[in-house]
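Structure record follows, encoded as structure tokens.
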Amino acid sequence: MKESMHTLKYTRDWHPESIAVDIGSTRVGNGHFLLAAGPCAVESPSQMTAISTYLKETPVGLLRGGAFKPRTSPYAFQGLGEEALILLKEAAGSLKIPFITEVTDVNHLDTIVRYADALQVGSRNMSSYELLKTVARQNLPIILKRGMSATVEEFLFAVEYIADAGNHQIILCERGIRSFDTAFRNVLDLGAVAYLKKQTPFPVIVDPSHGSGRSDLVLSLSLAAVAAGADGVMIETHPNPESALSDGPQSLDPAAFDNWWHQVEALARHLGHNI
Amino acid sequence: MKESMHTLKYTRDWHPESIAVDIGSTRVGNGHFLLAAGPCAVESPSQMTAISTYLKETPVGLLRGGAFKPRTSPYAFQGLGEEALILLKEAAGSLKIPFITEVTDVNHLDTIVRYADALQVGSRNMSSYELLKTVARQNLPIILKRGMSATVEEFLFAVEYIADAGNHQIILCERGIRSFDTAFRNVLDLGAVAYLKKQTPFPVIVDPSHGSGRSDLVLSLSLAAVAAGADGVMIETHPNPESALSDGPQSLDPAAFDNWWHQVEALARHLGHNI
Amino acid sequence: MKESMHTLKYTRDWHPESIAVDIGSTRVGNGHFLLAAGPCAVESPSQMTAISTYLKETPVGLLRGGAFKPRTSPYAFQGLGEEALILLKEAAGSLKIPFITEVTDVNHLDTIVRYADALQVGSRNMSSYELLKTVARQNLPIILKRGMSATVEEFLFAVEYIADAGNHQIILCERGIRSFDTAFRNVLDLGAVAYLKKQTPFPVIVDPSHGSGRSDLVLSLSLAAVAAGADGVMIETHPNPESALSDGPQSLDPAAFDNWWHQVEALARHLGHNI
Amino acid sequence: MKESMHTLKYTRDWHPESIAVDIGSTRVGNGHFLLAAGPCAVESPSQMTAISTYLKETPVGLLRGGAFKPRTSPYAFQGLGEEALILLKEAAGSLKIPFITEVTDVNHLDTIVRYADALQVGSRNMSSYELLKTVARQNLPIILKRGMSATVEEFLFAVEYIADAGNHQIILCERGIRSFDTAFRNVLDLGAVAYLKKQTPFPVIVDPSHGSGRSDLVLSLSLAAVAAGADGVMIETHPNPESALSDGPQSLDPAAFDNWWHQVEALARHLGHNI
């Protein structure tokens, strides 16, 4: 009995073929590559208008943006809340793509599900199992980020909490783990991506913005993620990173963003993905 | 402005003297040393009766026990819920000491506060800031455990979330951090304890059970915690560790428990603590 | 004065253009991509004959093989010593490529330099600064592996020990760092590769065999290394990994090796490298 | 056969009782507690005279000091070499205690053994197995420091390299391991000390100076080490830490040193040690 308690159910043994997850009209996985982009935090209407302008006519298939922001300091900017959701909905509408935002507390869920096309569970909450189960019941696609010090086994068990609650629209996201080297915010673990692709049928994407904390490394790590077998890349961008209220140092400015998507798209297509 | 966002408020500058926190009739900190003990998870009436028997007439001032258990695997034992709270209340009553249990989700709070004398926020939830704020509003003492990969600065900022919500009955608990060496479940960071005692006026206790994952190291690490300046030690005990539904390998059996409290009490008294 | 003690000299400020390092007739860096392969340890003439057979007519430009093996246990196989060097020399001769082997002690140097075309300083010795200085004086190209818990800054300072001793034929090798997740032997840090390429003019290669410890992840991580901007990939291969005296689980068998070099070469060429 | 290669020989199974190691007239282990102190690096005659003055008439039983200093940067102070050995010999003579210094390279050995009473192998060299074997043959007591990212198993295997070379005058030294939290230089792993005491019959001491990197934590961690069961504590002290050429922030000044030894001696005696 002990054995079965600790055995993963939702592996390639359960479903040998790769599963594609649809977020609105955007398909992710099983040959469909996702480019997701947006600001760390939604800050203002003008910020979102600027982002919409340079995201337009790119292959980005999912807008991301923070409304309720978990911050290390209680005195730091905590997000615009529902106002951010309204701005994301407008921007996503104008771009004709879906949007995703992070759920940090069950009490925000009712508000969030009125707007969002998909729900993100962030790194800090990967092991908040009650939250996982509640989020799973919303019948929306979920991007689950790996905890910053979670083993791949723990990550896969967190996936089980969602899958076992009946929601199989799951996308895993590697976003870097903690290490002794603080030159970088995190160490992006692409070996985990290659390993996860063998274990789970669900799509696996990569967040190289948090995975390095440095905008000058985002392109190289995005290309590496594509080559490692990821099903998508999700990054942070800001019209003016220096003035960003959070995560400026890892956000691509419009020019870097333009270069980024051209190169990532080209490599993904070369390796046989649809975008 | 940025500066102040990232400055701790509730430090020794704010309150130079050590703060004592009262959990029911048990005082912790500022010279009052806490021995806390109990099972990882409440499993049955007979288990709790057995524990009550050997905790009786010891200096243990706080009973601990898990009712809602966060487990890596969704298929593992998840705790008895409210039934556990009833059993803890009975045992604590017979021992004439207060009891504490972990809050893993806001939806359990109403139930828990009907029984518990103090609330624990566990390592997995140290960065669940919305949970911290909600727990803070219950007007009960809180033991906040350090996240398994949280820096001491992040730990202190998590304390700020509680303190800034108006609750100053806070006890910090070092419980070991993740390292590359998996001979042990965690590495107990007693340097952090010594450092935290200088930074924060709130009591700082140590959990050597999770801090090592091995019952044969719990006594040595408890004594080390006392000598490092901790205000208390919280451990796991079980009448029959081999049959425990969780954390058996790190739980003290009755004989080891008996030796443990005698030695810890003796050293704490020698170093000038009240118990 | 303190400042200058801690400033790197041999950066892109010193030499803005990428430096190519020649190992015999094989050029590495500045557009020239290196495929290096061979056994972890040289074990026997028949093993080396087998390897030579399947390395022939591949783009592998450097043979690697261990002669003096540093092993965690003193009771494990420690390498064939000079006999291994003779076998490597023969194999390299038949393949018409140079070979490299690791130097673990200055007392082996005189023997090694009679045979080897390049010298490797391994992860365990990255901070053995006296060894670095002595190796630097041999006037041979050096592959310096990153210590398993070295920061990138410490890695770059180790490079300085060699460069400042007058040897500028240096190739840096990222080989994975220690983490809390022991599902893998190490975590390959491709963010460090992208960062190092910006800081140092010397070539930077990647060892995905040690970087994962699993042969089934070597191809994906090799491709990721290419995409991240590495100047080469060095892997372990064995005619029969199950019987290998060391590192069998991370060694490619002949079929996997064949698939590996075809895919790595194709991606490297696609991204504009010469091989 | 594989099994035996990876089995430790020199454990409590081999020698159930604790072994005492004699360094000159100073006995360490099996009830004899060691206080070792001295500067990180020997800098000048006046520095050593100052240190000798305040070490006199203390229970310090071993003088430590760096002559050949391994430094991250090749441009940092590298030690005075033989001149340092002469100064250490003089100081130790005036204190009537033995002295120890670190061996970083086999080429320094002949010089060092003309002066030193014991040899230290530092953290960076714990896995320099050839160096371990050579040092072992000098017939002097050895303090072997744990590598900064070595598991306890790797540490114990490094001990085997020395023991198997015939030298059983070994003292293990825990000195902190690397973690994600860079508030401290290292995380002192006292769980490892408790564990090592059960596994190995050789004495185990602790270096809380490197174990924290902060002089204000050295006393607390020294007391914790005593309580955890260590056989000694080795610290860095300097007459004027602000002007120290290396490791100033973790060095005790004379006043702090005076308080330190009184408290450590008192606790060690209380717990039954001879000093």
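Here are some notes:
Each chain gets a letter, A, B, C and D, in the order it is written, and its residues are counted from 1.
Just so it is clear, contacts are C-beta pairs under 8 Å (C-beta built on N, C-alpha and C of every residue); 3 or more make two chains touch, one makes a residue touch a chain.
Here the structure is a predicted model, which means the values were calculated and not measured.
Counted by residue number, the contact pairs of A-C are over half the same as those of B-D, the matching pair from B-D, A-D or C-D. Comparing chain pairs B-D and B-C by the number of C-beta pairs in contact, the larger count belongs to B-D. One simple way to say how far apart two chains are is to compare their mean CA positions; for chain B and chain C this gives 47 Å. Averaging C-alpha coordinates per chain places the centre of chain A 34 Å away from that of chain B. Averaging Cα coordinates per chain places chain B and chain D 34 Å apart.
Shared interface positions of chain C, defined as residues touching 2 or more other chains, are 149, 153, 178-180, 182.
The touching residues of chain D, counted against chain C in their complex, run 4-7, 9, 70-77, 104-108, 124-125, 127-131, 134, 148-149, 153-154, 157, 160-161, 164, 178. Residue ranges of chain D in contact with chain B, taken from their complex: 149, 151-153, 176-184, 187-195, 197-198, 211-212, 214, 216-217, 220-221, 223-229, 267, 270.
By the touch criterion given at the top, residues 149, 178-180, 182 of chain C touch chain B in their complex.
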